[in-house]
Amino acid sequence: MSDLVTFGETMLRLSPPDERRLEDADEFEVLAGGAESNVAIAAQRLGMPATWLSKVPESPLGRRVVSELRGYGIDTDVVWSHRGRQGTYYLERAGTPRGTKVIYDRDDTAFATAEAREFDVDRVQNARVFFTTGITPALSSTLRDTTASMLKAARQGGTTTAFDFNYRRKLWSPEEAEETLTKLFPGIDVLVIAARDARSVLGFEGDPRQLAHKLGSQYEFETVVVTRGSEGAIGWHDSVVHEQGAYETDTVSKIGTGDAFTGAFIARRVSGDDVPTALEYAAATAALKRTIPGDVALVSEEEVEAVVSSGGEELSR
Amino acid sequence: MSDLVTFGETMLRLSPPDERRLEDADEFEVLAGGAESNVAIAAQRLGMPATWLSKVPESPLGRRVVSELRGYGIDTDVVWSHRGRQGTYYLERAGTPRGTKVIYDRDDTAFATAEAREFDVDRVQNARVFFTTGITPALSSTLRDTTASMLKAARQGGTTTAFDFNYRRKLWSPEEAEETLTKLFPGIDVLVIAARDARSVLGFEGDPRQLAHKLGSQYEFETVVVTRGSEGAIGWHDSVVHEQGAYETDTVSKIGTGDAFTGAFIARRVSGDDVPTALEYAAATAALKRTIPGDVALVSEEEVEAVVSSGGEELSR
Amino acid sequence: MSDLVTFGETMLRLSPPDERRLEDADEFEVLAGGAESNVAIAAQRLGMPATWLSKVPESPLGRRVVSELRGYGIDTDVVWSHRGRQGTYYLERAGTPRGTKVIYDRDDTAFATAEAREFDVDRVQNARVFFTTGITPALSSTLRDTTASMLKAARQGGTTTAFDFNYRRKLWSPEEAEETLTKLFPGIDVLVIAARDARSVLGFEGDPRQLAHKLGSQYEFETVVVTRGSEGAIGWHDSVVHEQGAYETDTVSKIGTGDAFTGAFIARRVSGDDVPTALEYAAATAALKRTIPGDVALVSEEEVEAVVSSGGEELSR
Amino acid sequence: MSDLVTFGETMLRLSPPDERRLEDADEFEVLAGGAESNVAIAAQRLGMPATWLSKVPESPLGRRVVSELRGYGIDTDVVWSHRGRQGTYYLERAGTPRGTKVIYDRDDTAFATAEAREFDVDRVQNARVFFTTGITPALSSTLRDTTASMLKAARQGGTTTAFDFNYRRKLWSPEEAEETLTKLFPGIDVLVIAARDARSVLGFEGDPRQLAHKLGSQYEFETVVVTRGSEGAIGWHDSVVHEQGAYETDTVSKIGTGDAFTGAFIARRVSGDDVPTALEYAAATAALKRTIPGDVALVSEEEVEAVVSSGGEELSR
Amino acid sequence: MSDLVTFGETMLRLSPPDERRLEDADEFEVLAGGAESNVAIAAQRLGMPATWLSKVPESPLGRRVVSELRGYGIDTDVVWSHRGRQGTYYLERAGTPRGTKVIYDRDDTAFATAEAREFDVDRVQNARVFFTTGITPALSSTLRDTTASMLKAARQGGTTTAFDFNYRRKLWSPEEAEETLTKLFPGIDVLVIAARDARSVLGFEGDPRQLAHKLGSQYEFETVVVTRGSEGAIGWHDSVVHEQGAYETDTVSKIGTGDAFTGAFIARRVSGDDVPTALEYAAATAALKRTIPGDVALVSEEEVEAVVSSGGEELSR
Amino acid sequence: MSDLVTFGETMLRLSPPDERRLEDADEFEVLAGGAESNVAIAAQRLGMPATWLSKVPESPLGRRVVSELRGYGIDTDVVWSHRGRQGTYYLERAGTPRGTKVIYDRDDTAFATAEAREFDVDRVQNARVFFTTGITPALSSTLRDTTASMLKAARQGGTTTAFDFNYRRKLWSPEEAEETLTKLFPGIDVLVIAARDARSVLGFEGDPRQLAHKLGSQYEFETVVVTRGSEGAIGWHDSVVHEQGAYETDTVSKIGTGDAFTGAFIARRVSGDDVPTALEYAAATAALKRTIPGDVALVSEEEVEAVVSSGGEELSR
């Protein structure tokens, strides 16, 4: 049995080499990319057995995604579907002022039809933590129901529920997101949210410490983590706020940094760390992730320990 | 003004290197692939100015397709759309007994919404030949109407209409295809059809010579070409049947062979060749195509002449 | 629990692109290669849950091997070792008269130190089939004992034991192999052996039918499969001999053909097929394997069924 | 009819991957590179239909160059030549202190023989702007005459003439360049020149503002743009000097930055922008170019607008 | 001191991957290619120390060529030139009916200016064999003199002179070749010539045995080898004719097959083999070459021995 | 005869592309890497003929290493061995905080068995400088004797002995290194040592100037160079200390920087430069090396001169 079960869609990610433009590409690098599988992998790497739950087409493309995730070490427990596409997205890397761009091609996927009854509720209820993100209910009305059902099942099974707000403006409006996601909040124990989303989607104001405190108090979360990109993160727990700086990195790929942070935070909390210690490991895992091409935190526990114990070079605290 | 105008969808074609499996791919070769653009390119290479008419998403992916086709030398006249996907397909190359496989991912494309009124009818009516294939009306009910309208406009403008039957079982049933396509037959001057499709979709019987003759007589086509893969082709015209063998080749990629044949046949007929001569150039162009990776006949007129005049090594006549 | 448990070493396989020479290589393709993991994968692909048991260094190279195998779908149950190398081998592909060549670099590996007590005997005793090959005891004297112990444990647990003779002249002499391997024979239910090895290592004579019969009778195996490369295989069971031809293929990679055959044979026998039917599926799986780059039979059950039901083009029967 | 017609040579550009040395290369990336085609592409991307006029060998190499340029969206109107080479150059990328190096191999090219009478004078006289650079007359004495003739024809046709001074020390001495190019000045309306060239080739002194003013006054240009690399540019028009800073960029390839600037400046001026606004778009286009591998500004008008409206992060003003 | 000294030009060879067309290439494989260096390498591989004499530009491109040749094991003794280009050629691979094509870009090279006085005559006079081909005098009138001078110096030094006729129609006419090369014949001991060239350039008639005999008798060569491509070769010596078949091969690259044959023949003759034995080793080396990508026979003496002793599968004798 | 003879092991270096992780690699870049060959190449590039002495397996892998080194221009004089492996190492590139990592796989190599009597003592005694590093005696007890013997032979032959301390903690403990290497000190004329090693292995204290002085005085070296990475180096000679700053670089690969420095220092000293001038050329060579991928300083003498004369941008002095 896995200690962590995550639920979400993982897409085929297609990207031209280096900073080449999509409109001029003659080859694509192929990888699997999805927030919930990223979190599972990061947690597993820090010693927490993890399973990714999903629904994928029974096709070479669906198998391609599952194969890569299994290769990274997690368990995969998927419903193989004969209807619906494999979601893909195109990634074009670029620096300032062009900026990295993403084109989603994820309508009508197999995952969008996933219903709670298709999954084994025991997997969720026997886990220590169940995790999904705000992307999942954004994908279809079916998934709105499924997300709610699975969070409910987890709560009933005594499983801690963790949720990354992860607002995606290419999927829905702030208003839709706010309405849908705040309804899920009562079923969530641990909320991870970007300061930016707390402000622009939920309408909170103040500095990140205040955001964390207001969120935690208003919705009665057990724990709130407010992330601030390269400026670190804030953890709120038992009405206490903890600040965590970000480590300096030679960044190769920013994508998946937040997922690495979240997966490591969950793994360390479950293994008994207090919030400040878990934040430290989370920041170290996120820093290592940024040195690794692709979306996934292919780190070892020893490497994370080494960053934490060396103190790294923290940019801000 | 182009002498040839073709109308159809061109997809992004994604394929793993060599004979690698899709489920194990970590890179994809990216090319544009579509029957109607292939035909335009082959005709242009044989000296007939050609334009490809289509509707594509205004996105890097749509631009990617158009850019490649322009690079091959044809003109592109496309409606840029803000709705609808860029169609893609995945190609996995393999020999016996695995066999090359294709996965289409072409639902809900921009092209599927293309209506006749979106295109400049003058382009079609000022051309000498208008060409499309049985794939186009298979893609959406809108396109069924559009195909009929465009064939009608061409006829009204005195433009010769040419049509490749091109039955695709992944798109529709033989019954649907028969019903739709035979309705278009009265508007078509030149029909190209595989012997296999004449039998299994249209229900004709007999050897290829008989198929050509029955088709030509029953539907009053001006010209019928029955293709037989590596065994050559039959041309029917003025109630006379002409046989053309296939040249021996070191085949690198079979895909697009038929399109190369058709494009060359059209170009040579329009330039004044009689049917047997046009068939000979068509067979030579198809043979050269098979030595070239990808879908497209990147040949020069001189190369085709050289094959014809050397006599090549014909396998059958 | 897996139905099939295999035990053996899987190496990092390093090979220059195409037919490039090792002495001139500037890049290597990296893959995992090992007979016992190949067999597990082929069996799993035909529907038999399979686990690969091994001992690998706790290093990025050891993780590299395990990750690839997990990605192919099997379970991996490995002892992570702090001593011993990851075995590698260099593969140089070539046709006649140069011939594909292999350079082993597999001395002093972690696997060579694997002792039976390091593995969970339940894994083996709860499986339906336990499989290893003649390569394993060739690797170290420790492994000679370990192989014997594991075969014994399997027999005690009521697990069928299957064994591929797999003589490798770069590892030991025919005399050493014969002495060691025939001692293991009493513990083996199903023997797979190349006709060539039966003759040159064990000293049997006669045509393949006779070899199978003599081996089966003399050593009291339950089943003997004598393989003949591109000429098919002979199955001996209950004193009856069955011949199976090989399918015609466009071969891309011969390596792993025998393992694909063996894995499929085991899977089909366990699922209830009689010997001739299992041989037919084995031959079809082997044929598909030859169309796939690399060592591994990345096939689906449906593809194998399709080859069997189409009859393929058998070269010999 | 194109609004912009440019005239010049475009070479095959061969470069080892990354920062690899030419003397150690085992593969070359192949691209087309030439200032005048770069300018045409940048202008076209900003909405100004553009044609590149040239003379190239009728060979696969000549076709290779033309194909790539057509793929970028411009029209190509070339004289196909049976004599003369395709010019090539080798590019070796490197940072400090090695520095990027270029080896020209462009003697005896087809283009060097281009005479004015080979081109359709209507193409030039019906355009709104005709553009070439100081590289063109540096290539042969024939091209000196041709450049003068084409500028004269443009002037006679009422076409605005734009010229980038572009001194290349590997092609001629400062003295030769000064003598030849100043003779062309009376036929030029818009001059673009690097501050460095104004000083070292033409012998002007002063800060860039002064250089622009002196050049404009002395030679009676309509507009002068003095470029300063990463420090921006100066525009002089109607005796007024305008300064434009450079945007901060994550630079991937500097090559073609100036051409992107010039093409965008021309396009925006022709579309009605005043000089300061055109300079702003030019700087934004140049900034985007620097994030794109290769020589060419594969940007969209929307991307340029976005940089201008965000204000970017200007380094200097 | 080397036993074999060869003199000739080696070019940079640029080729698209696989069978891709030059006009569509976006990367080139880079190799050094030249008949005289190929022969030196083949001889060295069979145990005869060899030096390649040439003149190359002192540039990264010149160093690139020399570096690759040194890496193959021969000595290089080159005049570094500050004038003249590095010769290049473009290779496009293709099967029937397209055919592999070569575009030379080798005018005005540094090598074309090579004069005999620039080389150390001792190198040639202390060698056992001096070798060049009919390509060398075809490249410039300077090289016609140089070739004659070096053959003369070799003869004076007691060095055996070997010469491959190697007619190249892209370099000169049959008449020019005949006139120039027959003047060199009196200075040549060992002539290698394709049957095709003996007929179409020199006007001889008859079967290959007759060609060898007529050539040997008329020009008083010590040894004549008439090559017949895939049909083997004829050796004439002491008025006796020896036939040698070709081995069957899985051909990957035909280029350089003749050079491999010649280099091996020279090496074996010098080591004391009689003509038939040397022809056998030459044929085996040529067969191995055909399995190796590129122009060069990267074989070992052991591999050649193995082919000879196994008898291979000779196609014809 | 070479002026410089170096003695050491060069490994096959296998590395994934870019910053990819070893555990996820599907291709490796292949290069030869070794300190003593790096030093020979740097010296040769600065005009000092150099030979690398070693012992390698007679295998494609051994030939691969030798071929690459010959291609870089040095002479190779190796004992071909039928026993022992080719050493390899795996390199994983990464920035902060992950850090570049190396996995050695160099036990039981052919080189580890190299004895002094296997090499031609004349090669060493006729050279002007003999060079090896602290890596060599760390590899086996045999090599401890061999290193001592070769240094002794060099001294007897009047050859200057140069030695880079090069402590490698993955090969031995500081205590072992200190004991072994200080015994060699009396036979060494020129010592190069990192300040870090002087402190942590030899136990010296003080700033780099003091380290150099203490080392030089205590062990009576003729010259001591203390290197300080990106902070430059200290040269001690005739009791005078000279400081040399490091040039600013856009670093692509740090590996081999120290070897480039040492090789250049030796070459310039031998050519007559005083210590401060030699240090300046050494720093310039090291700076250029950092702009070049791989381990080797593929520079030209002209490039080094250009950096020295431009003054570069020194970071510290």
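All chains are identified by letter, namely A, B, C, D, E and F, in their written order; residue positions are counted from 1 within each chain.
By our rule, a residue touches a chain if its C-beta (ideal position, glycine included) is under 8 Å from a C-beta of that chain, and two chains touch if they have at least 3 such contacts.
Just so it is clear, the model here is predicted, and its values are computed rather than measured.
Chemist: Minimal path length between subunit A and subunit F through chains that touch?
Modeler: 1
Chemist: Comparing centres built from CA atoms, which chain ends up most distant from subunit D?
Modeler: Between subunit D and the rest, the longest centre separation is with C.
Chemist: If you tally the C-beta contacts for C-E and for C-F, which one comes out higher?
Modeler: C-F
Chemist: Provide the C-alpha centroid distance between subunit E and subunit F, rounded to the nearest whole angstrom.
Modeler: Inter-chain centre distance comes to 40 Å.
Chemist: In whole angstrom, how far does the Cα centroid of subunit D sit from the Cα centroid of subunit E?
Modeler: For subunit D versus subunit E, the centre distance works out to 45 Å.
Chemist: So the centre of each chain is just the mean of its C-alpha atoms; given that, what is the distance between subunit D and subunit F in Å?
Modeler: Whole-Å distance between the two chain centres: 47.
Chemist: State, to the nearest whole Å, the distance from the C-alpha centre of subunit C to the C-alpha centre of subunit D.
Modeler: 63
Chemist: Among the residues of subunit A, which ones contact at least 2 other chains?
Modeler: 21, 23-24, 26, 67 - these are the residues of subunit A that touch more than one other chain.
Chemist: Chain pairs that touch, all of them, please.
Modeler: A-B, A-C, A-D, A-F, B-C, B-D, B-E, C-E, C-F, D-E, D-F, E-F
Chemist: Provide the residue numbers of subunit D that touch subunit B in the complex, in ascending order.
Modeler: Within the complex, subunit D contacts subunit B at residues 67-68, 70-73.
Chemist: Please give the residue numbers of subunit B that touch subunit E in the complex, ascending.
Modeler: Against subunit E, subunit B makes touches at 247-252, 284, 287-288, 291-294, 298, 303, 307, 310, 312-313.
Chemist: Would you pull the subunit E residues touching subunit B in the complex into a rising list?
Modeler: 18-21, 23-24, 94-98
Chemist: For subunit B, which residues are in contact with subunit A within the complex?
Modeler: 14, 21-31, 59-61, 63-64, 67, 85-86, 88, 90, 92, 103, 105, 107-108
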